[in-house]
Amino acid sequence: MGKKDYLKDEIKHIDIKSFDSTEIIESMSDMSFTARETAKAAELLNMMISDKDCTIILCIAGSSSAGGCMQVYVDMVRHNMVDVIVATGASIVDMDFFEALGFKHYKGSSQVDDRKLREVFIDRIYDTYIDEEQLQICDETIRKIADDLGTGVYSSREFIREMGRYLVSEAKKSDSLIQAAYEKGVPIFCPAFSDSSAGFGLVKHQVENPESHVSIDSVKDLRELTSIKIKSEITGLFMVGGGVPKNIAQDTVVCAEVLGHSVSMHKYAVQITVADVRDGGCSGSTLKEAASWGKVDTGHEQMVYAEASSVLPLMVSYVYHKADWQKRVQRQWSKIFEPLLQGKVEGI
Amino acid sequence: MGKKDYLKDEIKHIDIKSFDSTEIIESMSDMSFTARETAKAAELLNMMISDKDCTIILCIAGSSSAGGCMQVYVDMVRHNMVDVIVATGASIVDMDFFEALGFKHYKGSSQVDDRKLREVFIDRIYDTYIDEEQLQICDETIRKIADDLGTGVYSSREFIREMGRYLVSEAKKSDSLIQAAYEKGVPIFCPAFSDSSAGFGLVKHQVENPESHVSIDSVKDLRELTSIKIKSEITGLFMVGGGVPKNIAQDTVVCAEVLGHSVSMHKYAVQITVADVRDGGCSGSTLKEAASWGKVDTGHEQMVYAEASSVLPLMVSYVYHKADWQKRVQRQWSKIFEPLLQGKVEGI
Amino acid sequence: MGKKDYLKDEIKHIDIKSFDSTEIIESMSDMSFTARETAKAAELLNMMISDKDCTIILCIAGSSSAGGCMQVYVDMVRHNMVDVIVATGASIVDMDFFEALGFKHYKGSSQVDDRKLREVFIDRIYDTYIDEEQLQICDETIRKIADDLGTGVYSSREFIREMGRYLVSEAKKSDSLIQAAYEKGVPIFCPAFSDSSAGFGLVKHQVENPESHVSIDSVKDLRELTSIKIKSEITGLFMVGGGVPKNIAQDTVVCAEVLGHSVSMHKYAVQITVADVRDGGCSGSTLKEAASWGKVDTGHEQMVYAEASSVLPLMVSYVYHKADWQKRVQRQWSKIFEPLLQGKVEGI
Amino acid sequence: MGKKDYLKDEIKHIDIKSFDSTEIIESMSDMSFTARETAKAAELLNMMISDKDCTIILCIAGSSSAGGCMQVYVDMVRHNMVDVIVATGASIVDMDFFEALGFKHYKGSSQVDDRKLREVFIDRIYDTYIDEEQLQICDETIRKIADDLGTGVYSSREFIREMGRYLVSEAKKSDSLIQAAYEKGVPIFCPAFSDSSAGFGLVKHQVENPESHVSIDSVKDLRELTSIKIKSEITGLFMVGGGVPKNIAQDTVVCAEVLGHSVSMHKYAVQITVADVRDGGCSGSTLKEAASWGKVDTGHEQMVYAEASSVLPLMVSYVYHKADWQKRVQRQWSKIFEPLLQGKVEGI
């Protein structure tokens, strides 16, 4: 089989506006187990949206973007359900930016001989395929953006903002998360930015420009994210997967305190995950455990133990059709960083 | 209950030298399921050690260090089983550095009211407790090290090396992983360094020194790690947990290729994890899946689906008593970075 | 807190007729991970329904009936999507029969002190409560039915048929699965019938009637179930959970062969489960593994790794609204057993 | 590949007497997560053994016997650590009786084309293979035992006792669990006995003897098991896997109460499982949840979330070498059933 034989059926991202899950979610709220968790989580997301003082931080880890939820996130940004995004590099660069450049994910099989995929340069994400040669173009585009940016030490947010600016003129697919966030003033943070296709492009940029180049300072990420926490006061976390995004978004409460600011814990928190709680890892740790750390309030929290593709669309469709987001004021947190010189963070 | 009532029983780190698991591992190799996986993984680790050309990269994510495996890692370094470490910030700073400063983890319960823990400033890691006030001293120590380091853009490896230097004179517990690695020339990378207690100290350092300060460049981490891959040629991954360490260590193969170096895939790979494969996340993805990406060779790989505390000590005790590590030459990869000026990476 | 304080919010069983999941399932078929599994499984269920020669065997293990899916199963029977049911005793007696007698399940919490529940005789099923005193009435009703039935050795199917007959006149809630199946000629098998509330009633019946009483012969269950397999030829399995129902329904293929009948493997198979594959247990074993045993054909099988409450309603709503079940002829397998004397099984 | 190519490497059952895990278990008791759970569970098993009034009920579900733990169970019986066994039919018939007849399990791969296995009649249990033609001999032997037994309604215990008697003269491998239990007076119950290779043999027996034959009454199983609970007063459960054995062993407390006997809850309970708690199924339900049902005391219970092959040998080796079992008096519960006519159960 050649590459084309594997890459035939495109992943199509679910459109949560095209169906109304209200009846389903409301029914689920009177059931048990994952159904009730899902309904409670959807209600909590809507509570965050209805709380006019609440900044909503969307955390994304894992491969839900590749697997058909990419448009869900875009719709959340476009419809004012999200104010800040903290994500893995893969979600933002390898998946979202990749599709913005015109490339696609494909339906595949988890029961395949990976050596055969290797021969034709197809990369596998469980039951999903991508063309590795297209991913290299993604790396290369990152390199070019870095070359054009000018020497300096940047937060990942600053760099991703440049990626948004690039897409405004160059995108093949205009409805990417990066571009939507750029246009709506929603900052995107990838605190482990190099751990992605971006890393390859940036390393190449640095090697080719050994004396003066772009650096990505993850301390600055935490600093900027914490400054939003300090300014916002009331915050809610909507987390798909765990990993670094979950941990660092929660950490902003503690970081603010370290800086001498008395801030409240995250008032709302939802996490969708399949991670196990029992190894003590952050990804699967309960939000009650986070309460012991002083990070998350216990009043409004819900874990949903499910693979995101099966429950996230139901939850966001419900919230979309509730339409409380229409009354929300856009926060545009990106603006607080704009007047500043590089290296400074407003507020802290 | 007061804080002292919760913090009574210290976690004691298992000493894999004090018992010999050879008989158990050999028996397990003739069983099925997790037992056979465990035995195969132990054999693969010993194969890496016996392959005189192989650089062994230990990847650590999750809370195994807090949960009693800290000395396992130290023993691996002290007995020449590991050449490079890639870890989460929490493993290195919140757990290892924390204990090096004289603090402890304590046996707790996962069935506890977290609000009560909050009242007495105890942080919970599943069934394990720590004193949050001691953790703040850890943050503060990081800040001091940053203050002393001098303005610049550093890799996490460079900063952790400074932490090692600090511990040589200041450690309360001399047998920390950071100090052992410092003394043995084993570089430690935390590509998401700010996602830890270190982040708090470093943010405070930057806020107090807004014009000129320490930055941690995660691109430089990937650059340095890739330079080791390029120089080493043959490599093996021994991964406890997944997350950023697993992904970025695997990525060095691709990164080397992006830089125009033709390197081989990781020849050996072992991962211990409880992560689920079915959400497409990197943490739970099989090593066969990594083969489709051209990162891991399919010849010598083994996933062990288990919580690390129950199998890791058996595996390393087996390898320790095999004693093939005694014939291994120390690689001391730290040395390749030493003569260089900050900002340059040797070799690439 | 008294019992009434715990038993306030009733579980309401989801009505898959009240919403149309077609758009969602069709969208999910172009996604990845659990979403695509769910869509494929829904399509397979519809294929079974559209195959006019196919007998559909619904297998139920776990607590989905208690947790809000009870009406889903009733609707499947009422709308001709199911010809045979194989279930755990708990699903049929403790949950379905229990509600038929007028009792309810209640929304509870998984984070509760079970000793307090014990004090007020509330039994917990993860986040769901029931009144133990009501369950005792359920036991007692089983005893009465046994007392009235007359001495003999019965299959669980025969006994459950008597329960259906009882409910026709005595049910408080007429739309139970037992009664619907009774009325539609759908046999229900519980091969581990004593492992439920029924067991308590039947043991009491036997102890009170030591010389001559009702016995439940699980060999007869397998015999009867196999006779359906032999007569039906083409069969499909729709399995919620694993356990004994999954195993014994699969076993009918082998059992038919042992009896000298050459039958085909189950042509279609779907399983929804959260069970792990890696311990070699039947509950989590893949349907491909079942193919090695000659039980399930590999052409049309789908595992869905999810907790049933979150995906089952979507799947069955889709199939309901496809309406292919309207063209299906009722099989009424119960009838083949009716003219027979106790102890004989028609056909084998 | 022919059948012989697949069936080359025999599973060898681990001998917990050949190594001493005391040091490991004691170290694990000072760690966290699964390690500490394992150590606590081992200590609880030893507490049961040291409690001179405690009857120990070993429950076995899943494939641990096939996967290399078969001798662990035999050693528990031979060394007086177990008084009653409740198991799945597969564990007792397809695995233990199968090997007693001289057949073997083989090391295989979970990554295999099951259609190829089908062609050569090899059955797969995750990564383990057996010869289906040998399994048919197992079925056939059950049929012969049934033919010889004489018409009647038996508990599974009674039938398995006949299997033990058969093995005394006919076994190819004398150290089977069935034979050891037979010789030591340890009753074995399989409340879903037909759900195994035994089912095939028994169905054939019934079909060939339609008028008068052996029936297996699962009510009688629960009745007999409950009579032991009533007589024993203090009981401990040691459960590997969940399923019917876990549920029905727990149920004896309630069943005794239904019969008007006031008995105590199971005083000790340990379960090793990989089952998920969140679907409300019995297999994964916590022992605290069982406390709400009045089945298990909360004082001495421990869940171990692990695949049994990796932790069970460590636990039992520890208990073996503690040697407290040497002081234990054999209970020989089988004897209470011996003087009785078929159909009666002593005591209730």
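As written, the chain order gives the labels A, B, C and D, with residue 1 at the start of each chain.
Throughout what follows, contacts are C-beta pairs under 8 Å (C-beta built on N, C-alpha and C of every residue); 3 or more make two chains touch, one makes a residue touch a chain.
Quick caveat: nothing in here was measured; it's all calculated off a predicted structure.
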| item | value |
| --- | --- |
| Superposition of chain B upon chain C: rotation angle, C-alpha, nearest 5 degrees | 180 |
| Chain pair, A-C or A-D, that carries the greater number of C-beta contacts | A-C |
| Centroid-based (C-alpha) most distant chain relative to chain C | B |
| Separation of mean Cα positions, chain D and chain A [Å, integer] | 48 |
| Distance from the mean Cα position of chain B to that of chain A, given in whole angstrom | 25 |
| Distance from the mean Cα position of chain C to that of chain A, given in whole angstrom | 40 |
| For chain C, residues contacting two or more additional chains | 32-34, 63-64, 66-67, 125-128, 278-280, 288, 305, 307-309 |
| Touch list for chain D against partner chain B, complex | 9-15, 18-19, 21, 23-24, 27-28, 30-36, 38, 63-64, 66-69, 105, 107, 111, 125-128, 288, 305-311, 313-314 |
| Of all residues in chain B, those that touch chain C in their complex | 32-34, 276, 278-280, 305 |
| For the chain B and chain A complex, residues of the former touching the latter | 61-64, 66-67, 90, 110, 114-115, 117-118, 121-128, 132, 136, 139, 153, 191-195, 199-204, 206-207, 210-211, 214-223, 226, 241, 243-244, 247-248, 251, 254-255, 258-259, 274-283, 285, 288-289, 291-294, 298, 307-309, 343-345, 348 |
